[in-house]
Amino acid sequence: MRFFSDNAAAACPEVMAAIAEANRLDTAYDGDSYSKRLNAAFSELFGKEVEALWVATGTAANSLALAALCPPHGSIVCHRDAHIQNDECGAPEFYTHGAKLVLAEGEGAKLTPEAVEAALATIRNDVHQVQPHALSLTNATEYGLVYNPDEVAALGRLAKERGLGFHMDGARFANAVARAGCSPTDLTWKAGVDALSFGFVKNGGMSAEVLIFFDPELAKATYYRRKRAGHLLSKGRYLAAQILAMLKDDVWLRNARAANDAAARLAVAAGPERLVLPVEANEVFIKVTADEAQRLREQGFDFYDWGPGEARLVTSWDTDAAHVEALAAAIRTL
Amino acid sequence: MRFFSDNAAAACPEVMAAIAEANRLDTAYDGDSYSKRLNAAFSELFGKEVEALWVATGTAANSLALAALCPPHGSIVCHRDAHIQNDECGAPEFYTHGAKLVLAEGEGAKLTPEAVEAALATIRNDVHQVQPHALSLTNATEYGLVYNPDEVAALGRLAKERGLGFHMDGARFANAVARAGCSPTDLTWKAGVDALSFGFVKNGGMSAEVLIFFDPELAKATYYRRKRAGHLLSKGRYLAAQILAMLKDDVWLRNARAANDAAARLAVAAGPERLVLPVEANEVFIKVTADEAQRLREQGFDFYDWGPGEARLVTSWDTDAAHVEALAAAIRTL
Amino acid sequence: MRFFSDNAAAACPEVMAAIAEANRLDTAYDGDSYSKRLNAAFSELFGKEVEALWVATGTAANSLALAALCPPHGSIVCHRDAHIQNDECGAPEFYTHGAKLVLAEGEGAKLTPEAVEAALATIRNDVHQVQPHALSLTNATEYGLVYNPDEVAALGRLAKERGLGFHMDGARFANAVARAGCSPTDLTWKAGVDALSFGFVKNGGMSAEVLIFFDPELAKATYYRRKRAGHLLSKGRYLAAQILAMLKDDVWLRNARAANDAAARLAVAAGPERLVLPVEANEVFIKVTADEAQRLREQGFDFYDWGPGEARLVTSWDTDAAHVEALAAAIRTL
Amino acid sequence: MRFFSDNAAAACPEVMAAIAEANRLDTAYDGDSYSKRLNAAFSELFGKEVEALWVATGTAANSLALAALCPPHGSIVCHRDAHIQNDECGAPEFYTHGAKLVLAEGEGAKLTPEAVEAALATIRNDVHQVQPHALSLTNATEYGLVYNPDEVAALGRLAKERGLGFHMDGARFANAVARAGCSPTDLTWKAGVDALSFGFVKNGGMSAEVLIFFDPELAKATYYRRKRAGHLLSKGRYLAAQILAMLKDDVWLRNARAANDAAARLAVAAGPERLVLPVEANEVFIKVTADEAQRLREQGFDFYDWGPGEARLVTSWDTDAAHVEALAAAIRTL
């Protein structure tokens, strides 16, 4: 009974069916019949002409977005706990050719305008210091919190005022939309977001993420950068097919809701005392002693320790309801 | 009836089955049960301890290999028609942080020690010039020629003498092995090759290539570079499973032989007069007038024009025998 | 009696005096009283508002210019014998983060629109190939030829048509202006040049070159790139003072004329039979046998062999007239 | 009466004389008679075979050192207030091709083993995180504190244990040696330092710093990187001559002592109440109200405000003794 990571989950049936269906001769790279439908599909979803590029990883999506928004001599403001800072082995620095990440504070990996302002205030406006060019947030955050549209919009206004490009790392964007109960539009370009890494892999995909540019002009160089980074797969149709299958009938939302619901059940079981943070998406951080963690493991539950005295439980689209109930029960009886 | 590109081919049944079989919960990234078997599987194939890293594209495999062999201030000798020079949008320059490609000449995109020596002879050994650090060849070449083990070994000796790392772009390595009738070993480390991009996608895979380092020490930094480049897929098991399925029972060789055989049939049909180059792998370059090309297209055959008066016909593991016969007949009757 | 290189020459008296005069407390970096006058001084010289940045080397000037004109995923067309290709250890690749140099042909390192067109014609307009973004020429060329305003303008028109930024490596710009007998304006922005590396060091300076942007907008990021490259000297006044001293009373032209005149005297002595190329600036390439070269050296003349059967003689602002006459005589009597 | 920056100081007489003496024809780049003596001169100073490369700025020296010690996918631990982090516009990231700076804490910009350990402890040893490869400290620090040999050695031992290259930014190394009263050797390689940026410009030089590698093997690639960065000046003799002149008769120490002494006099005048930090080199940080700062300025003293309620006073080799006494008196009477 694994609650390790949503990366460990399988691909959902719609994705597997789409891959099987796409398994025939087609044009190479992104010239195929599936890839050609991406821009239209996402333009419809977002109610605006967008450019949508598939890539194989969230790291690539994030880094390509940041390279579009920040020059090598610039910096990107992000949270101290952001995935782009801690878990991508310096991919943003690689793709941007050495831009800096400027780290802001905030509970649960969540940025506020005040926190961003405080980070910006440390930067003198002269040629000796790297100047800020972009702002990046993660929604849902690395700690499972969700920005609602107003919160994103407040950061979007700040970004605009300060001349910063605005990127959203949406590795768990579906979970955020499901939680916020809003449209994807409200959470993105209407709130000032310029580029979105729209995650599919953690949410039931196999190997496809999408990078969305809300200003098509911004996307232009990215087609070259994607190829140059070795991310233009030669049989791109298998990526596009996955994505289209998950857009159809809102599979992406259905999957995210399932994961969120499972996490919510665990949150209820844990109760406010044991929860480190509110549970708003598909990650549950609980306080456990080493002894308690050990007892959970003895009952067959797998999960990450998250620093001393804490554990991270992650649910996914396919987390077995029985496993969730079992874990909920086990937490209650700790 | 498409003879455009082996990138357009479908994935072979063994690959599709392996993906379906792998579609269950497993550890993320390359910690899964499939990925963990790669080193052993390729060490067995090559009769030597090797490190084998999956990546999603040949461009990534090539560029990671070159970054392991050449510093930013160095250069890589390759053929003027090499894929790394012409078809990767500068990926080698991106991954190596600005190394130069030094271009050597040779019929059919094939290097000889003399051609490499001539290219090296243009470089003064002083600090004002970029010094050579690596040699890269493509086998089978971009024009469908195959280096046999002796030819590779001659280049390998030169590389060693000149202190150059030696990379083989094996996007069509299977076709080369099938043609040379030798072991993969004879064509690689026994001939001095340090790093091999071992292609699977063109040969019946879906989205997995393998980068082989024959000296495990060379691989160490590449694990970081792969992650940093966004090429450590979070569900890596789907890549590893494809590869293992193609290694089993020599599916990779069976597929390559099928493609080579189809090309050979077209070569016979074309005859020596019409062939631009000998056909040794799965690419056929023929001389055709614009009018002849037009007539072939009118009969339903798709292919690339390859400069004025030439066309490229590519076969793949799944090229329909009837289509091959039809095209052969059509060529004969031009 | 050295005819090795104009880099070996001393600094001229005006430069030494200016350095002495600047040797007092002043503001650091480029905030000092000298640096602040550069933009105005060059705007006056060029009859147009320009931005002028001092740097310590021509390599830095060239590379900063190219980084302003070409993105990492782009390419720069230049001559096969260009200094940026052969003598800067890959500095353009470093500063541009991996742009490619595309090499064009031409006698005496001189480009023509036809040669540039031929180089451009090899580049397919698709995402798999690095697309051209800039054109760079050297005036006077590495072989001592001079582009006149019409020749530059023809290349400038081509650059504009093809959307290429246009850079001039003017390590010996003064020699070119002196030879062409035109204004610096005619040879630069009026002919379409966007950025000029204006050399002072070879022409009697000590350690200061100037990078000129004819479109101030282009210069903006370069202030950051210069600092980031470690080229914002903390006591910049010593560089600015050199340059201002050489601008005053056209010392730069006087020095260049002296060097050109010395070369012209050698050219006359050599005669058309022995000259490899016309002598238009301060470099003389002559045909000499190994034995003849040896005889010249025995008479005390130093110079570079330039491939088999050729030698390069370089004059400078301070080449002793007696040495020139002696060498001229020695050549005549070979 | 300026106490702004030691970068504002003039060049000392020995330097000016050396430049005048070097002003004659010599070999270009670093082949001249001065540059050729650098390695021997510094090997003698440090009692060990070292490689010594001149560059024009401390930023270049630091960045070249870091590029020699840290790969693009690595990180460098330094103090949060380090010059390499705050005042070089990302030069370390540029030269290292995107390495990260990991920031450690400590009073007065001074690192301790504990602070470095704490910074290292935040880094998981897996491929998702950038791994540490180097440690960099500044001596004297950006806040005018001096590490003595024991303190450097403690950090050196930690660096060795953790496999980190060890760099010292010695923009004010002379001031540190003068203060510590030890040999340059004790403060560097005997304490584990691998590379030293040895500053001359702030200490009476005009335009020359030296990068010292205590392991000559480490220097090899740096010769190429220096050229590639545009830092191989074509008339390098003017840099080497400055440095040799300052080494002779310990001018570098004499100058540093003068600056330190002037600062010490200001420190005494300020008294412990007003001093923000102990004064150990040539920088004095004092607590002043806005009103007090204003009064000092009205008396003709120039200096930087350093955050609210603080001011920075910097002395240099040529600070006028009368100005120092005047400022001391003014501070006393605040």
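Note that the chains take the letters A, B, C and D in the order they are written out, and that residue 1 is the start of every chain.
By our rule, a contact is a pair of C-beta atoms (placed from the backbone, for glycine too) under 8 Å apart; a residue touches a chain by one contact, two chains touch by 3 or more.
Bear in mind the structure is a predicted one, so any value in this text is a computation, not a measurement.
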Path length in the contact graph (subunit B to subunit D, fewest steps): 1
Relative to subunit A, chain with the most remote C-alpha centre: C
Subunit B-subunit C separation of Cα centroids, rounded to whole Å: 42
Distance between the centres, which are taken as Cα means, of subunit D and subunit C, whole angstrom: 34
Geometric centre distance via CA averages, subunit C-subunit A, whole Å: 50
Interface hub residues of subunit B, defined as touching at least two other chains: 72-73, 88-90, 94, 97, 127-128, 224, 227-228, 232
Residues of subunit A defined as touching subunit C within the complex: 71-73, 97, 127-128, 131, 221, 223-228, 232
Subunit A contact footprint on subunit D (complex, rising order): 72-73, 75, 86-90, 93-94, 96-101, 127-130
Contact set on subunit B toward subunit A in their complex: 2, 4-5, 7-11, 16, 19-20, 23-29, 55-61, 63, 88-91, 94-95, 201-202, 206-207, 224, 227-235, 238-239, 318
